Structure formats: structure tokens, C-alpha cells
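You will see two complexes here that share subunit A, one where it goes with subunit B and one where it goes with subunit C.
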Partner chain A sequence: MKKFRSTGLWDDAFKRLKKDNIAMISLFIVIFFTFLAIYGELVYQYHEALDLTPNYQKTNLEIAYTSPNMNHLMGTDGLGRDVMGRLVQGVRIAYKVGIITSLIAIPIGVILGCLAGYYGGKIDDFIVWFYSTVASMPGLLFILAIAMIFKGQGLLGIYLGIGLTTWVGLCRLIRGEVLKHKELTYVQSAKVLGISSSKIMFKHILPNIFHIIIVTFTLRFPAAVGTEVIMSYLGIGVQNQPSWGLMIESARMRLWQGMWWEMTFVTIALFLLVLSFNLLGDSLRDALDPKLKD
Partner chain B sequence: MVPTVLGVIFLTFILFNIVPNDLAAISLGKNVTPEMLERFDEVRGLNLPLFFGKKATTRSMNDQNFSKGMYDWRGDNISYNLNGNYISTNFKYNFNPLSFKLNESYAYEWTGIARGNGIIAGNEFNSETWNNFKIISSNKDSEVFFGNIDFKKIKIRKIINNPFNSQLFFYFRQLSNADFGYSESFKQPVTKLISDGIWPSLSLTIPIFFIGLFISIFLSLICALYRNKFIDRFFVILSVALMSINYVVYIVAGQYLLGFKMNIFPVWGYESLSYLFLPVLIGVISGLGSNIRFYRTIMLDEMYKDYVRTAYSKGASKFRVLFKHILKNASIPIITNVVIAIPFLYTGSLLLENFFGIPGLGYLGINAILSADIDVVRALVLIGSLLFVLSNLLTDICYALVDPRVRLR
Partner chain C sequence: MNQENLLNIKNLKVYFNSDNNIIKAVDDISFTVNKGEIVSLVGESGSGKSISALSITKLTPQSAKYLNGEIIYDNIDILRLSDNNLRKIRGNSIGYIFQEPMTSFNPVLKIKDQIQEAISMHNGNKVINIDFLLSKVQLPSRIKNSYPHEMSGGQLQRCMIAMALACSPKLLIADEPTTALDVTIQKEILDLLNSLKKTEGLSILLITHNFGVVSEIADRVYVMQNGKIIESGNTNEILYFPKNEYTKKLISAVPRM
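Our next item is the complex of A and B:
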């Protein structure tokens, strides 16, 4: 006799995901990058704690622009710094930006979306007005303007610029879903039982729409990374730390003189990271919410 | 629409007037005199209360609080008393604590804690014990200090006669005159900078937009036609891959491969039409990924509707069904997408303009941000968002024109 086990949304989704080869390869790459980011953070923290200059910051003009060899698998840059070490630090910065901006944007989107959808009326009107105002702001320019105001405070400008502008899409989605769930019997019965509104919203409805947050996170992560690269490239973002944007900036001119390695490896890493997150996000969306499939 | 416009104006006000602690200092950088800061504030109405109020600060003298030291109160014959946390003055001649002449059209209020005999801001002061003082004086009188007086605190405030004369009001009045201020780094009115920059921007973005639109609609129709066949799969994967390449990488690769290696296109400048080819090409390719995905979804939505089956069964050719029936019905989402893109055409392509040296609004915007030119950035953000609101309205009107089922109320 076969035992029957109930399968929840997540089991189902994981089963569907396992059949999807592209998703599994992407997941593997994402996990690989995550380990690189953690490793980069450890290296960074180690050198910070002991007040040492890490290898990726050590300049040695004698070995500037050496092509890839056994000592420097990805060659060295214009100041003789190891490209591979800097690339790993770039992963760390990319993850930091992706995660911290999500920690800003996702709570704003979720809380406002829940409040608007659940209470309706004046609160809904206000929140809809608020997000349509923010949505009217011209994307990258608005982000750069926010970053400009927090100039000279390191990565804070980037975090706030990206975080405060990219919650609108999620807020819309959550609001729509909460509106739908509000009419379902489980919410109605919770109301009849006299459970408080905040508990209904965040304990009963939110777990049921949590997959939206997961998918949004996976898809906004690469977008945030891409924006950070553009900002750092323009000189508005990261300074003194090996961000991919800065690496591309410094490698750009040397590319024309035949120093191809820094540019090539950075763009490949960036492309792989963004692509695998995008593909994984698409597959997750299909697996978790077949309705949303295009 | 009106609430959103107000919201947009208010949001830019919050962003540029409230959030930063000192706009003038960000914009003018280091090595500025208080007088330059005051002039900067004066031109932009920043020396007024934020929303409402009767008092405002002046840059001529900072608020002095001597509990922790001399602060930045300068002058001869001044000594600091460590135990009492106050300063003692012995002015034998007139002393002027202000760093520049005050505006004569205002009255000024001096407040603080002092003792001694002498003249504070043109008014006689006599008190043996510590006493709060509050003196209203003109700009000329404010320059007169004399005698032996000890100060614990002293500050100056400008008195605004009309409490509604605030930064917000100033901003609204400026906007109603279509005046966007004066650029500190370009030394030109912002309105002129924008009217100069808009044509180069449009010459770049309009071709990108329409060529991109044409190609992506065409490809998405092909995808829809061969759904789940090889060619469809190919384009779906290609579009994700295209979307995953960073804009910066497109520009660098395009300049390197087509501009430098093959030497087909010029890489920098804005002199003739040929300078536009490469940026337009890069712009089209970079937008292709998301466009194909978007239009493919729209086309697939239409593909399985009844009218398509009817059209096939009455013997219409594939070509006719695609371009005559489906395209016509898909026009509503397409129009939405087209109209919504209008504000982005105006902003230009920040990156493309910057790296091809096209003197448009994107180029202006990046340079303004790099040099912290707040007036330019604020104007660009504001106009961009107003255009966005306007194009939303236009979309609704277009709906009514295209789809007879939609009626404007």
C-alpha cells in the first residue's frame, strides 16, 4: 500500500522546480555565488578586524597588467592588484546591495500593500495615491538624485536610492492579492472569531501570499545589482571598494590597448549572476504560482 | 491626476528641501563664504521657513552657544570663562559679529542670555545678573556691539512679516512661472539648459524607441505564431539573456567592437547623423529583451481567442490573421506601452548620452548629479514625473479612441 501524504504548495513547487533543468542549473549558480559572497565577506571582515591590507587592495606596479597566469588566474589590473580577488569582493558588494535594498523595499511594499488591501477606504486611497506618485518619478534619475543627496556617506546613498524607489510593483501585487483573500472564507471566519486585524493580515493572509515576496526578491535582486553597477560606473556609488561597476570603469579604456582580462571576467561574472537569478525567478514564479505564467 | 501632480511636486520638495541638511553646502562644495551660501539660499528661497513661520535663520551669524567653548564667535578682546561656560567681551570700539551685511528689508530678532553693561545690537543693555534678552533691531543696528558684556548664548533670527512666505510657497510660485531656477555649475537658467538639451535627447530616443518597437512587435508575432517551437524557445531564452546583460556592458562592448575594432562608427561626439548610429543600435538591442517578452505575452493572450479561430476557419491566411486581426486587437496594450514610454523619451538615455558625448538631457542630468547641481536635477526629476502623469492621462484618452467599449466619463 502506498502511503498518502498531503503535499503543500512548497512541496509541489519544489517538485515542479526539480524537473526544470534550467532552474536547477540557475539555482546551482546562485548557490555558488552566495558562497563566494560569504567567503568574500569573511576575507573582508578578517582583514578589517586585524587592520591588514587585503591582497585585493595591495598595489604592486611591477606586476601591473599581467595577463592571466598561475599566480593570478585572472591577471592583474592597472595597479597590480589581483583581479580574481577583486572579483570575489565584487560579489560581496553585489550581494550586499541586493539584500539590503530588498530589506528596505520589501517591508515597505508588503506593509503598505497589506494595509491598503485590507482596510480599503481612505487608507487605500492614500496608499494608492502615494505609490502612484512614487511610480511617476523617472526611474534611474530619481535613484541617482537620492544618492546625490546622501553623497559622501558610502553605500548608504545606493541603498536608499534603490530601496526607496523599487517597492511599488510589490505593493501593487500584495494589495491585489490581499483584496482577493479578504473575501475568502478563512479570513471571514477569522474576523468572526474576533482576531485582531493586524494578526489576520500578517499571520493569516501573509503566509498565503508569501510566494509573491519570494519571487519578487529573486527578480529584484539582479535588477538592484545591475543598478549598483551602473551607479558605481558613473562614479556615484561605491568608492575605494572593488565594485564591479568600478572594475568595468577602470578596465574600459585599457580594453582598447588589449588588456582584455579584467573586463572579460567581470562582465562574465555579472552576466552569470544576473542571468541565473532572472531564470531562477521566472521558474520559481511558474512553479509557485502557475496562474502568473505568461 | 491632480492629486498625483501635487504629490509629485510635494515629493520633489521633500527630496530637495527637507531631507538634505544643507543644500547650499552640498551644491557649492568647500571653500565658500557665508555670504555665498546666503546668496544661494536667497535665489532659491531656502532662507525662508519650510512651510509656515515667522522666523528664519541667516548665514551671517551661526547660533552661538558657549557652554562647550568659544564656538565660532570671533573678535578682539574676548575671553572665555571655563567655569561659567560663558564669554566675556570688552569692546572698546564698535564690534560687528556678522560676517556680511544683512538684508535691509527685514527686521532681526536677537535673543540670548547675557549680563553686563553695554550695547547689544544697537540697544542698550544693563543687567548685573544673568538675564534673557530679546531685542528687535534693524539690519544697521545689528552691527553695533559695545561695552563689557558676558554672553552664555546668542543668536539672530530674521523676522518674516508674512508667515505664509515659506519655502513651499516660493517653490509653488516658481513653478507657476515655469521657472526652474538657476544652475550653479553651468551658470545658466535651468529652463534654457533643458530647452537646449531636449532636441539631442529626442534625436536619440525617438529612433531607438520606434525601431525597437517595430522589431520587437515583429519578433513577438513570430514567437506567438510558432509557440513552443524551436524559434519561440530561442527568442524567449535570447530575451532573458539580453535582459541580463548590463547596460554598461552593452555600451562598452559596442564602442569597443563596432567603434574601435571594426571602426564602422564614430565613438564620441554629436556632429552629424553618423554619430547617432551606434548609440541607436545599442539602445535598440538593449531594450529588445524586455520588449520581446512583453509583446509576446500580449500576442499569446490574443492568439487563443475565438475571433482568431473564426478568422482561420473562414480561410484567412496566417499572415492576414497575424497582422490584420491580432495586431489590431493587441493595439490597446501596445498603445499603453507606447504612451507610457513618452516621459522616458524626454529624459533621454542617461548612460548612452554620457558615453557618446551627446549633449542631451541625460548628459545634463549625469553632469548635474556629479556636480551636485540641485536645481537642474530637481527640474529634470519634476518634469519627467509630470510628463509621466500626463502620459497616463493620454493613455486613457487613447483607450477611448481605439476601443469603442471604453467611454470617458
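Our next item is the complex of A and C:
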């Protein structure tokens, strides 16, 4: 990342972002969630290392379904576990899913998109055929099928299921941009210097379209979190760890009896995370586009 | 002057296949560039002069077909070279300058990184002083830390020339190098090219539509129309005794004070 910071483009982008109030609020919420996720991971690793049962996993049926109070700010669930502790762990799972699926999907999309756009011809035909085939399969069913193969191996099924199916949109975008950029004069002048194709693709064109990757990441992240919640809700996602999907699923049972707190707080957290990531992504798209510079 | 041929193009034809007809972009042209000489290709837009220039290192769009002819550069037959060998010639012994200096640089890289890349492409780790290169094109060395958008068109065109000179090429192909610049800067760039010809012993193939530019620096002129060379000769001959109607029109199109 050091390289990118030194370009000056990024300082400019941040200056523009600062003027955008909604973007700044979203950024603070995202940062807040990021710290929660790191905190959650630390708590998890601490208890894992010492082989302890963390508080959010301790069942205590005597205090099941207590409404929010001073000891449990967000109340407790049906097994008497602290909702707030579980919510924070949910952030951890959500971040893991969002980041790891992006690490799988973004490189696939970027590399295939660059190759297709730059070389054209048969390579392009093949890659377009390939992603059209992937895109033609119903998304959620495809994810569920992959996740079922890796059932019982923790989060691996979710990572692969979401990661291997969601690169198509980015691949299309990158292909289109590379098609456009390879005709521009700066690429031509790199060619006349005898610079190799791979260097032109990844050193010259890619930094110019990097904003697309960042924006895609901020838009993909909440989508992946949402998918994880749906999968966990359906029972083929996370097991034995507090995920938002599982919490919503268990809260559903007693909602009609007035046990509103678990459902409410999880939904608010999910809503805030998804909304702020989406708004931030929108503003970043404008702030980072090198063409809007002047 | 040394009359040895550096570049010799014989009967070159470059055609494009469009949907149902063939476009003859370059139609059977022959010309030579001698060592230490500035040769100008003159013609209106679409006369095939840029395609001729790009075809010298086979940089024409993929759809171009080389039907006929030979391009002999420094005793090498360019059209028979593999892509890898072509890349060794591009930038290394043939340098290019383009019309639009403002868009010819990668907007996210600093000037020094782009020049450095041009150098290390062909010379491995050989250290070439960027300050010295910039001083050759009369730019202060602080400019190397700038981004392209922070510089003016004239400065960028000088950087472009510095980049093209980085590997000390023998032939410099300048495709409308002054068209995007204003008149005073044009004059400076042309003077620079002329002095480089003398100090570096550079051959220059200058592509332009402007006889004003030709009269300024070219030794010999080829006039192109519709992919064909219709007149050629020494600059003064052509300027004062043009035979072809088209050449006369081009000459009369130059604005005079």
C-alpha cells in the first residue's frame, strides 16, 4: 500500500471524501465495527488459547430471556447467554467472511478481467463464456451447493461458496475498463518503449483502474455478510459460533412472545454495517476516480 | 553528410479489413531515412502517415495486415522479427514521441519512475542519471518528482523526448510532436530536436501536416496522400518548386504573418 499512498491521488481522494458528511459518518461506523471485530477476535483467541468457555457461550437457564438491564445491556437469549457479547462475536464472523471471500473473489475477477480485456480474441471469448456460465447459475443455490460439499469444516464452505461465485461482476467491470484503457495513449507509449504485456497490464493499467477494485470491495463486503447471515439462518453456515444469522434464527422463535431485544439489536447492527459500507462505497467511487480529478 | 541508410522501407502495403471493404491505409510506399538526417512525412489527416510510422516497429492495431514490402532497419528485417525481438528494438534503438503529451504519460506514476522504467527495460540495472537526461531536454531536475498532471504540455513533451532518448536510440519517430502545443513552445521543441540531431547524431522521422514545421527543421520531405507518396525531395526544392497540386495546397495552408 505504500506505493499507492505516495501517488498523491490518495491524498486528493481523502480531501474530497472529507467534504462529504455522509461518507465521513459511514467511515466512522465502519471503523467502529472494525475495532469491534478486532476486539471480538482477541476475546475469541484469548479463550481459545486458555481453553476457557467465554462468557457469551456460558449458558445459564435461570436468566434466560431477561430484557436489557445493567448487567446485560442487550438482554439475554433463550439459554441465558449475553446478547451483546454474541453480537460482537457476530461482527467478527461477518468481517472474516467479508474479507476472506473478497480475497478469493477479487484476485480471480481482476486477473481474468485483465487477461480478457487486454488480449482479446480467443482468450477473451473463453473468459466471457466462462463467467457467463458461472453467472447463469442461480447465485444462492450455487453457493449452497459448494457450501454443502464442505459441510462440517467450519467456515471453509462459506468462504469458498461465496468467494467462487461472486467474482463475475468485478471481472466484467475490469474487462470493460481494460478494453478502454489499452487504447489510450499512455499504454501506447508504454508499448513503444518495449515494455512487456504483463507489466503494462499490472503496472500501468491496473493502478489506473484500482478505484474500481476498492469500490467493489466496499460493495461486496456487506453482500457477503448478508449471504452469510442467510446461510447461517438456513442452517448450513456457521456452527457452534455466534453468528448474526444464527441469532436471528433463534430470536425468531420467541419474537411473538415479546422477546424483542435479540432480534432488534442484531438487525440494527446488520443494517448499520451494510448501509454504511454501501454509502462509503458510493462516495469512494466519486472520490477515487482519477478522471474526475480536475 | 553521411549518406548511409538507417531505415529503408520498400513497397510497404498495410491494409485494414473492415466489414465489407478493404481500407488501404498505406499503399505501396517506399522511403529512406539516412543517419543523422531529419526526414519529414507530410500529409493531411488519414493519409496514412501515422500508420506508416507505427508499422516501423509493428505497433499497428491487431487488425492491420502487412501484405507486401520490406522494412529494413539497421540491416534487420523488421517484419520477420518475433515479438520478443521487436520489444528489444522498441524504445531501445527506435524511440517514439506522440502528439498528445498530456495523455501519453501514465497519470499515477511519477515522471522519474516512468523514465526509470524505460531505462531499466533495456539496460538491466545500468544506472543512467535522470538529472542528466532531463538537462539534455533543458528541464530542471526537480521535475522528476512531479506527476504528469502537475506539468504543462511543453514540459511533458520534453519529458517525452527525454524518455525516448533514455536508451540512446538511433532513430526517433516524432508523430506530430508539436500539434498539441502552442506556437512559442512549438518553436522551442523543434529547436530542441534540431540540436539533438547535431549533438546525439540522431536520425529523426518527423510526421506532420504542417509545412511550417517542415521548413523549420527537415532535410528531406515525403508528401503523402491517401496512403501513397506523391512527391518527395529536399525541403527547399519542395517548398519553392512544388510540382503536385496537393503539395501546393498544403504549403499554401500554412498561416503567414
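Basically, the second predicted complex is superposed on the first by the 277 of 294 C-alpha atoms of A that agree within 3 Å, B and C clash if a C-alpha of one lies under 4 Å from a C-alpha of the other, contacts with A are read in each partner's own complex, and residues count from 1 in each chain.
Criterion: contacts are C-beta pairs under 8 Å (C-beta built on N, C-alpha and C of every residue); 3 or more make two chains touch, one makes a residue touch a chain.
The structure displayed is predicted, hence computed values, not measured ones.
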Practice problem: Answer with first, second, both or neither: which of subunit B and subunit C does A:Q257 touch in the superposed model? | Solution: neither
Practice problem: Determine, under the contact definition given at the top, whether A:M148 touches first (subunit B), second (subunit C), both, or neither. | Solution: first
Exercise. Spot which of subunit B and subunit C makes contact with more residues of subunit A, would you?
Key: B
Quiz item: After superposition on the shared chain, which partner residues are touched by A:L184: those of subunit B (first), subunit C (second), both, or neither?
Solution: second
Exercise. Applying the touch criterion given at the start, work out whether A:M137 contacts subunit B, subunit C, both or neither, answering first, second, both or neither.
Key: first
Practice problem: Tell me which partner A:G194 touches in the superposition: subunit B (first), subunit C (second), both or neither. | Solution: second
Exercise. Report for A:V229: first if it touches subunit B alone, second if subunit C alone, otherwise both or neither.
Key: first
Quiz item: Once the shared chain is lined up, is A:T53 touching subunit B (first), subunit C (second), both, or neither of them?
Solution: neither
Practice problem: Scan A:I248 for contacts with subunit B and subunit C and give back first, second, both or neither. | Solution: first
Quiz item: For subunit A, what residues appear in both contact lists, the one with subunit B and the one with subunit C?
Solution: 294
Self-check item: subunit A to subunit C touching residues, read off their complex
Solution: 7-9, 120-121, 184-186, 188-196, 203-204, 207-208, 290, 293-294
Quiz item: Inside the complex, what are the residues of subunit A that reach subunit B?
Solution: 129-130, 132-142, 144-149, 151, 222, 226, 229-230, 233-236, 245, 248, 252, 255-256, 263, 267, 270-271, 274-275, 278-279, 282, 294
Quiz item: subunit A touches which residues of subunit B in the complex?
Solution: 3-4, 7-8, 10-11, 15-16, 19-20, 26, 240-241, 243-249, 252-253, 256, 260, 293, 296-297, 300, 343-344, 347, 350-351, 354, 365-366, 369-370, 372, 377-378, 380-381, 384-386, 388-389, 392
Quiz item: Across the complex, what residues on subunit C touch subunit A?
Solution: 57, 59, 62, 86-92, 95-96, 98, 100, 103-110, 117-118, 121-122, 147, 149, 160, 163
